[in-house]
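In what follows, chain A forms one complex with chain B and a second complex with chain C.
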Partner chain A sequence: MIHTLSPRVVAVLLLPFAALLVVFFLLPLGLVAWNSLYDQGWTLKGYEQVATSGLIHRVLLNTIEISALATFTSLVLGYAIALHLAAKPPARRAPYLAMVMLPFWTSILVKSFAFTVVLGDAGIVNQLLGWVTGGSWHLEMMFNRFGVVVGMTNYLLPFMVLPIMASLLNQNRNLYLAAEIMGAGPMRIFLRITLPLSLPGVYAGVLMCMTLSMGMYITPALLGGRRDMMLANLVDFYTRQTLDWNVASAIAIVLLAMSGVLLWILARVQSDRAGTMA
Partner chain B sequence: MKKIESQRQCDSHSGTRGDKQELLLSRRAILKVTGVAVGAGLMSWGPFVHAKPSSLTVTCWGGAYEDAVRKAFAEPFAKEKGVDVVLVNSADLTRMKVQVQKKNVTWDVFDSIGPQIMAGSREQLWEPIDPSLVDPAGLVYKPGKDYVPTYFYAGGIAFDPKRFPAGKHPTNFKELWDVKAFPGRRGLRSRVSENLEMALLADGVPPEQLYPLDVERAFKALDRIKDHVRKWIETTPETVTLLANNELDFTYSYLSRVLPAQRAGQSVQISLAQTLNSFEYLAVPRHGRNTALAMEYVAFCMRPDRQAAFCEMVEFTPNTKAAMDLISASARERMPDMKDPNSIIIDDAWWGEHYESLQRRFTEWMLM
Partner chain C sequence: MMSYSMSRNASAQRLWSGIATAIAWIGYLFLVLPSLVIIPISFGGDDELRFPPRRLSLSLFDQFFSEPSWWQAAIKSLVVASATTVLALAVGLPGAYALARSRFRGRRLVELLSIAPMLVPIIVLGLGMYMHLAAMSLVDSLGGVVLAHAVVVLPFMMVSIGSGLRHVDPALEMVATLMGASPLRVFWEVVLPQIKPSVMVGVLFAFLISFDEVVVSYFITGPASTTLPVKMYSAIRWEVSPVLAAVSTLLTLFSLAVCLVIMRLQPPQPRAD
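And now, the complex of A and B:
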């Protein structure tokens, strides 16, 4: 039973949400955009700094590198987890899903401190290593890029697992049966059916993780070394410490533009794929 | 499929009556609450406020600091003047700037550290201070044109005395830089102020000739320690927790962090042989509604008896010299000896002019 509403009714129903979006999203965003261009008169000073400052370039590069790395590890781990979850009957999936969602519900500050207990010099992993190898082995896993990527992956995983799992569950089981009847092995089924059909979920997950990680702040600050600074830290520096909102807004807008480009590329890829498949 | 659908409809029908009643009730309740909220909002809105101030809002840092401010300053002031003093936590300069820009100031007195106060002064957020308000002669560190330094906190080298007994840990910055004599994982802050001072002292600059800072020499000295610093610490609590977790051996930390941790039973200690002392300041924002009263509050906080009462409770040292005579011997014992040249005062006025460009350079230096 499908009800169709007249466009007018739909418009009225959507009004409160649209108003909310305007007040709490578009307005602040417009303010940031305005701040990036206006500082006691119209100016491009903020963008000039973004374009010419070696510091901002380096941090921008850092941000892209770290985000890509964290998204990649989330994808590899997240896909495996999603596959496992999708294969479970719904009743048994629930507790696993709760485990995946756990990082969602824990404060990022608490988690980052908790990682010290696992990854630190005196942490569980290193203690175990020291005990097994008689103290000759020791891994630097914190206050460097490794620590940042581990911390970020932990935060990003649910955002990767959920969309991939959704697209896996949406697949028509009959396709597998048909493929099996035609003599395809499990590897072939995965590569030819499961993986291609799950790509929309993968795209959604990658996009979300990439966008989220580009704005990350606390995790790199707590778990990173001196070279792991990200753009959000710089925005904070300019907003709160030097009160230079012009540059801060310009950086924020550049960050937004980068996310926008990413979104656009992924939308293109997805529509191309849809085109070739049809 | 159809069966499920119809059952769902049934469910929703059976619930309708009760729901509607609840809805009506809640609507009335909502109207009531909204009315009160709007009324309250109007009353606090500028034109409705009476000329005579009945309360003063002061920003604060929460925790033990807030308790001490309340007991030593806010409550006695409220009693003396017959007004309420409201303490607001987690106030930051960004929001202060917005308030002054919009000429809708709700914080009457801003309590903060040097870099914030100086940045605010540069942005002309603060009201000029009447020179007769406090007597500069009686102070350790002089007021600026639009801010008053209140009391200060000492920073020095913290360590775990169980792991590093006497003689095994550095006590001054020269020793902190000496990685051969004192091997260990070091933790410094990720901001430029204090680090440059430390570097210069480590490089042998006499404390009394520290300012104006020789920036080039400082960065060269920092180069020597760079690879021995395991963590450039972002948040202040970590200067103690990373020692306790055995992730670092020597950190730059603060008396006001180390002593409470000691009382909580942690094995941590701080050397007072050489300290960098940073001031806490009060400033009064422009376009405030209670400017005169706010100024009175600032003067009140500088009174020797109030300063003594405050520094008795938390790990600060008074700026008003006369307060020292009123402080108990046990509290005086933990304060750095300001007659010793190795108790260095951070020159926030110097930093006010250089902080921004130097922090940028420092951040770049860290990334290299």
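And now, the complex of A and C:
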């Protein structure tokens, strides 16, 4: 028998929560939608701009490209980390897990600043390179795509590691034993058992990282160059520089719709998995 | 024949697991080194950031604490984060309890709403909040920042408390209610003691996220309400002042402490359910 509260108590308890979210979450989102369609009268001008402007197209392409690249590098590093973590006995996992969680808790500004110090023109990597090669080598690693992808991968990694680790830990150890007894090599075991069984975690991680990176603002602004502008930076540009709330809102709605689609797929993947496990 | 293939198998296994471990270690180092390398640099005290530092000095920390635009921003962030945490707790704790102990039509929708601010791209929320606060002339006020941050951190509060409530046996509340305790007393004396660790996790989450929040803040703050992250953002963007190394060190140590406390309170055993 489940203890439930009376409807009146529930209503009272939920009231402040609902008030805060309606007034300071739904209303602001509604304002964005409204402004994307209204500029001294109803208009589709904002969306027309999104559909026709060369600048916006380029930025949209950048956003997808950078997000895909960062998600891919996160997947490669994240999968290896997840394998490493899952192979450790729980008691010895904590320090490694802490290395994954610390960046998750570190301010993105600290991480961005750290990368300017490490990757910059006079940064640590270039100092080291200069010292090793006698000053003949120098790499441009900031204010370009490389810098953005490095910074974003660093931000995304925990979101990739955790779901993959969860699905690796869920696998039945007896499967490995059986496969090994029947003579399967490690590569074969990995390809036929580990990898397929970890795919739900991989999908979840990839979709999560894609969603997060599409909306990134700080990393492209601080580590990217002019040509690495992403949609979020464009929203800021139209709001602050050209003061065109109409176009800014239209871009924001497009961004919202794109992450909505990704999250919808994520929810589908999750519920499929729940379905097959039940 | 058999032993040959076995040994080949074993050495292939060693090779592959060696490669995987090497990539994992590259990943670990990539995750922690950049933030950690700032710590020795911040004690270098030079106007030029250098690694390894030539000498040890606290002059960058000195600069941070003697420059009003820096420490005032830090104070504002502390005030905002504290107020945000209190507001989010006051709204989230009853909300999470009501959701966990009720069945009504549309409950799933309310649940979705409670985590929605976490799913919406933060820039969209920033833009909306800016236009909304502008209409109420609340731009560049700490109150506006607190309200915006409360929305941003609320999902984390709700999820932490909600997961704590799932591990509480409702039968205890049933018994207490049958014995005549009022709902308030049941919550205060039966439920709350059991979910304390999850509430603490929610509080830490809320405080740290608000303290570090920059995108929404950048939209809605002005000279009178510049928080530390906004100040850092413009400092990295326009000047790359060496004081940043000291600020980063302080923030990294702060994050490390919070991270360790949370891992103690809530051993992260991610499950797939």
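Just so it is clear, the second predicted complex is superposed on the first by the 225 of 278 C-alpha atoms of A that agree within 3 Å, B and C clash if a C-alpha of one lies under 4 Å from a C-alpha of the other, contacts with A are read in each partner's own complex, and residues count from 1 in each chain.
The rule is short, and it goes like this: contacts are C-beta pairs under 8 Å (C-beta built on N, C-alpha and C of every residue); 3 or more make two chains touch, one makes a residue touch a chain.
Note that this is a predicted model, so its numbers are computed, not measured.
Asker: Applying the document's definition of touch, where does A:221 land relative to chain B and chain C: first, second, both, or neither?
Answerer: Touch partners of A:221: chain B and chain C.
Asker: Looking at the overlay, does A:259 come into contact with chain B only (first), chain C only (second), both, or neither?
Answerer: second
Asker: So in the superposed three-chain picture, is A:28 touching just chain B, just chain C, both, or none of them (first/second/both/neither)?
Answerer: So A:28 only meets chain C here.
Asker: Between chain B and chain C, whom does A:121 touch in the aligned arrangement: first, second, both, or neither?
Answerer: The answer is first: A:121 touches chain B but not chain C.
Asker: Which partner chains sit in contact with A:213 here, chain B, chain C, both or neither? Use first/second/both/neither.
Answerer: neither
Asker: Could you look at A:194 and tell me whether it touches chain B, chain C, both or neither (first, second, both, neither)?
Answerer: neither
Asker: Is A:55 in contact with chain B, with chain C, with both, or with neither (first, second, both, neither)?
Answerer: first
Asker: So which one touches more of the residues on chain A, chain B or chain C?
Answerer: Tallying touched residues of chain A, the top partner is C.
Asker: Look at A:142 in the shared chain and tell me whether it touches chain B only, chain C only, both, or neither; answer first, second, both or neither.
Answerer: Only chain B; A:142 stays clear of chain C.
Asker: Using the touch definition from the top, say if A:242 reaches chain B (first), chain C (second), both or neither.
Answerer: first
Asker: Does any part of chain A touch chain B in one structure and chain C in the other, and if so which residues?
Answerer: 1, 113, 116-117, 221-222, 239
Asker: Sort out for me which residues of chain C touch chain A in the complex.
Answerer: 9, 12-13, 16-17, 20-21, 23-28, 30-35, 37-38, 41, 49, 51, 87, 90-92, 94-95, 97-99, 101-104, 110, 113-114, 116-117, 119-125, 127-132, 135, 147-148, 150-151, 154, 170-171, 173-174, 177, 183, 208, 212, 214-215, 219, 229, 232-233, 236-237, 240, 244-245, 247-248, 251-252, 255-256, 258-260, 262-263, 268-273
Asker: Residues of chain B touching chain A in their complex?
Answerer: Residues in contact with chain A: 5, 92-94, 97, 115, 119-120, 122-123, 185, 190, 229-232, 234-235, 238, 241-242, 245-247, 355-356, 359-360, 363-364, 366-367.
Asker: What part of chain A is in contact with chain C in the complex they form?
Answerer: Of all residues in chain A, those touching chain C are 1-7, 9-10, 12-14, 16-18, 20-21, 24-32, 35, 76-78, 80-81, 83-84, 90, 94, 96-118, 124, 127, 153-154, 157-158, 162-163, 165-167, 169-170, 185-187, 190, 200-201, 211, 214-215, 217-218, 221-222, 231-232, 235-236, 239, 245, 248-249, 252-253, 255-256, 259, 263, 273-274, 277.
Asker: If we count contacts the way the header does, which residues on chain A are in touch with chain B in the complex?
Answerer: Against chain B, chain A makes touches at 1, 54-55, 58-59, 62, 113, 116-117, 120-122, 142-143, 221-222, 225-227, 229, 234, 237, 239-244.
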